[in-house]
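What follows is one structure encoded as structure tokens, with my remarks underneath.
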């Protein structure tokens, strides 16, 4: 299914950017998990537009409504449908976009794939689709918490500025969501500057899962690396993913990158917590490459559905750097992936965790 | 399913490194495709051990037998099972490994996941599992060729040596499978040197698909990027994947990375041929990070199943750099992914391609 | 996934009987299909409670809202979410049911499976879940109509009264939905009598698809018979299904039941339009056994969660014979199954139909 | 996938009747299950041709070879591939069938679906495909035995002769596999008589699972009834399936068919062990309608690929009644279905059973 992720913890999103609503069904959350709608809302608020001067000014309250699957505050084991109404959908902002394929956007490919498209704000290709993912991710986090797994993410690079510091408590204290207060300041300045140039800039988001026991994941096609790779590269505007040591390991030797295991713990974590596709008990560490947002105000050349070209200056409300808003989405996709792996391992071994 | 890949073009491998056989079922190859077993064998020969002094000296003929789904040289549309017998399975080389978890290997995680394992040569975690993938990939390539899609791969980095040259005709002329004759020579020297040090080295493999029409792939969870990401990260020893501009885009601006489309073609290819998860008609370009092989002869500290540690010098026959042999596997996984996307798009639009 | 049906035309329902809403996501409807919400509503009205004196008097308007996937009256190819609010949810009617397992109901098995349940009106086990199926079925019917396939169903047996007449135009003219006016009258009398006895009665619903071209369905595990079997037996209160000649063929000879094909058409239809799991061009004919509704007003012995027994007279509003309301549900499940088979065959052959 | 069954216990068969081999991959058998190849062979022997004068005289030893997934007699948790070579494949018997569509067979529909077919003995549509199912079923039975579930089947009707006796110990003592010694004699006589008339006769096979705990199965689309329905209707030559009371319930009242549960056990079993799609702890009872075999020696009218008609007297070696050989296949499909449901419930609750 094109809009679903997972085998046992199955997340299916729906909705266009400027249609009536966006939302999600989560099928497979185990029964008996306490569900607090405030927790879901908190993560949605971290994703929603208009949360700081560094993000788009589209104002969506993004209030979530649970339609099913929860009774007296507890999951039933049945599908949980969640709905967020689109309220600030200024479709008229986008009327001009009917006759142009925005550079870097999916306008052209949707037209080629489907022969029809909702041009308003990108329709389903809009980042707004990730609203449902974040609501689902909040449920996955709640489920994983019952077996001691927690997930944290942050922006670790913006343009040329990168940091190796991982002060996770810092993340929610700065608008960039960077786990390094000092670097965050410089990143914010850069983003503001890029915004003023009507341009955008890329970055890297890192997500870490702690407490994952050994044994989750599958050994060949459905390696945990592979599932996390699919999860991250399904997020709009991502073009790369790496686990643990990632691309940097290509320049190293096996004697350097074979993590030593002393029978209790791993002394290094080049494997990013996954050996042979299966979690090994160390932190699961994933980084995702976020390209510069494709919606920019600068004048660009663009093709038209009629086969010619024109110039375009994209109006509307956009993010100069989407990393801060990708953080909760990437956390959610990791939580969803791990929840699925957890349930799969329960099937394999018949144990709680 | 842990050992299957694809939704409509479904590839399911089986087999342990030192069991009776390895193999694959391909379910979903369209009927009427001409199947030449010599083409399958050619790709298997590119993957098999012992092909050059840079690879392991295990000698497996890797002769493939087609068991079903092909009649009078043409695919029937029914499952195609293919079998390769293990012949040079020197299990005694591995008897000592029963009581140790090799560093960087999946020995520990298999034990944790299943509570039982075939310790001989890594069992199912061995790279030998990819034999079936390559046989399946040859069928996918044959299918894609009927709609004008071709796939080529090569080693573009070994250790610190990297090249930007893409002379694809050069690839099969050097043992590194590098699309740059000059760089290939330096890479081969480096690999030989690493081999003599009983160590291993990592690298990067790039795969390119030409002729992919716009419209393949799905817009949200099953983005073509995501499927390719899963495909590549399911290959043993891979820890990163990037599409098109990949991680390098993180340091750039949208005004630089928005590929200009003039209505006919894209003037740049930062998107790697995929916009919004859907192919846009440009070359599909994927790079995969291959970590240094975990099997090395150097003395290492290793944990034991009994909870202590020991030292180990891995005997047996190993690859100092697996990139040359990953090339046909990565090509195969891209072919399988694209064949699946092709069939999915046929379902969406009901057109031949 | 426990709540989804189909591989390419995927229907995922959600909702409890007395929760905020019931609904469905349809993922995979091809783009460009004209969607008329009035057509969906018409089928929902055929399923909804309170439509005649023979059905439960629960009054639900069952107004459907399309939340996504349709733009300017045409399908986009993206997921279509549809929502029906529960309005007449008299949960207090069911408060007493918290402490009893109703005979024949799923109360006990839900408790055993999940360890928690929404006892109000059966929660998710209520026939109300089929609301989403009918909305999805209306979309499947619209899609199939574009390739000349139409689907009709009716009640052909109620208790001991059965008919061999198939006057399909008659179905919507009588409250039993029987394709035989005369038999319909006797069936209605029987149902009224059973209702007055506070009891219920079973029956048989038949569904026929016309215009299905040869070639739909798969040859082994996913035979069209098998998919239709799963579709029908997923409807609440069904305990049998037969295709074409069905159980009656067990008493006959091959020389009687081998349908003669004259190169143009089949002279008989014992195969029910499916040979070797694949449609053969004849009408696809399926009958489903509907057990007597389990909710009855008569005094019954029932077990309690505490391990004892009690007596119960089920209050609330119930159907003495659910066949008339199963008809649109069975039609929907057949339409969904065939839409999926249609898309699968498009993938196999790359042709419009 | 067209040739796979199951979500967590996944069975994928391959092979044509007169190709090199038939076989199966089982992916998802839990690790640590003791596998005795003799048990697999025993069930294959119950299915194989030539076992009595009532079955086809094709002589296939049907020796199974395990290719993977088992190490030192114990399952590894990895895919188990099993292979049976075709030895008595007299393709010349079938050369004449290239130019005719046998009545009741899948020749015409395969041609329509794929545009190409292996005409030799029906190719993949042959009952020979069920060899792999039986091998897989033996593994499923072994897995289920570890949690106390056992499965037994028998022929309960042949033509007009039916029995209500269920003396399961009798089944393997008569060639009809009827759980009623006296009825078995009459059935055998009828089958011999039909065989001498060059005709065939249908029947009913019943399969019962004992020891299934409450809680297996899913509540809506993937009801245990639905999965068993798909499993049974995927067996060649089946055209009906019923659970528990089945079609006979249509003529009864709710007050008769609501099984009374006294808190410990069910006093009747109209539900066939499944309430609301979930096992309730009673025996799971399924009956499947087996049509008369379509291969008969009598003269029949048949269509040709050229669009005309001809007459045909099917030569080769055929079964006058396939019920005795369907018994192990139906048992296998039930075992596979229940093994899958078992693993799914382990995922839901995280318990061994």
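Side notes on the structure shown:
Think of it as A, B, C and D in the order they're written, each chain with its own count starting at 1.
Following the convention adopted for this analysis, contacts are C-beta pairs under 8 Å (C-beta built on N, C-alpha and C of every residue); 3 or more make two chains touch, one makes a residue touch a chain.
In this text, all values refer to a predicted model and were calculated from it rather than measured experimentally.
Relative to subunit A, the chain whose mean Cα position lies farthest away is D. Ranking A-B and B-C by contacting C-beta pairs places A-B first. Subunit B and subunit D have Cα centroids separated by 38 Å. Chain centres here are Cα means. That of subunit A falls 26 Å from that of subunit B.
Chain centres here are Cα means. That of subunit B falls 45 Å from that of subunit C.
Residue positions 1-4, 13, 28, 31, 77-78, 113-115, 124, 219, 344, 348-349 of subunit A are each in touch with at least two other chains. On subunit C, the positions that touch subunit D within their shared complex are 1-5, 11, 13, 101, 103-106, 108-110, 112-115, 122, 124-125, 129, 157, 159-160, 194, 199-204, 213-223, 225-234, 236, 238-247, 249-263, 270-272, 275-281, 289-296, 298, 300-304, 307-309, 344-345, 348-349. For subunit C in complex with subunit A, the touching residues are 1-4, 10, 12-16, 19-23, 25, 27-28, 31-32, 65-69, 71, 74-81, 83, 113-118, 123-124.
The part of subunit D that touches subunit A in the complex is made up of residues 7-8, 28, 30-31, 77-78, 219, 343-344, 346-353.
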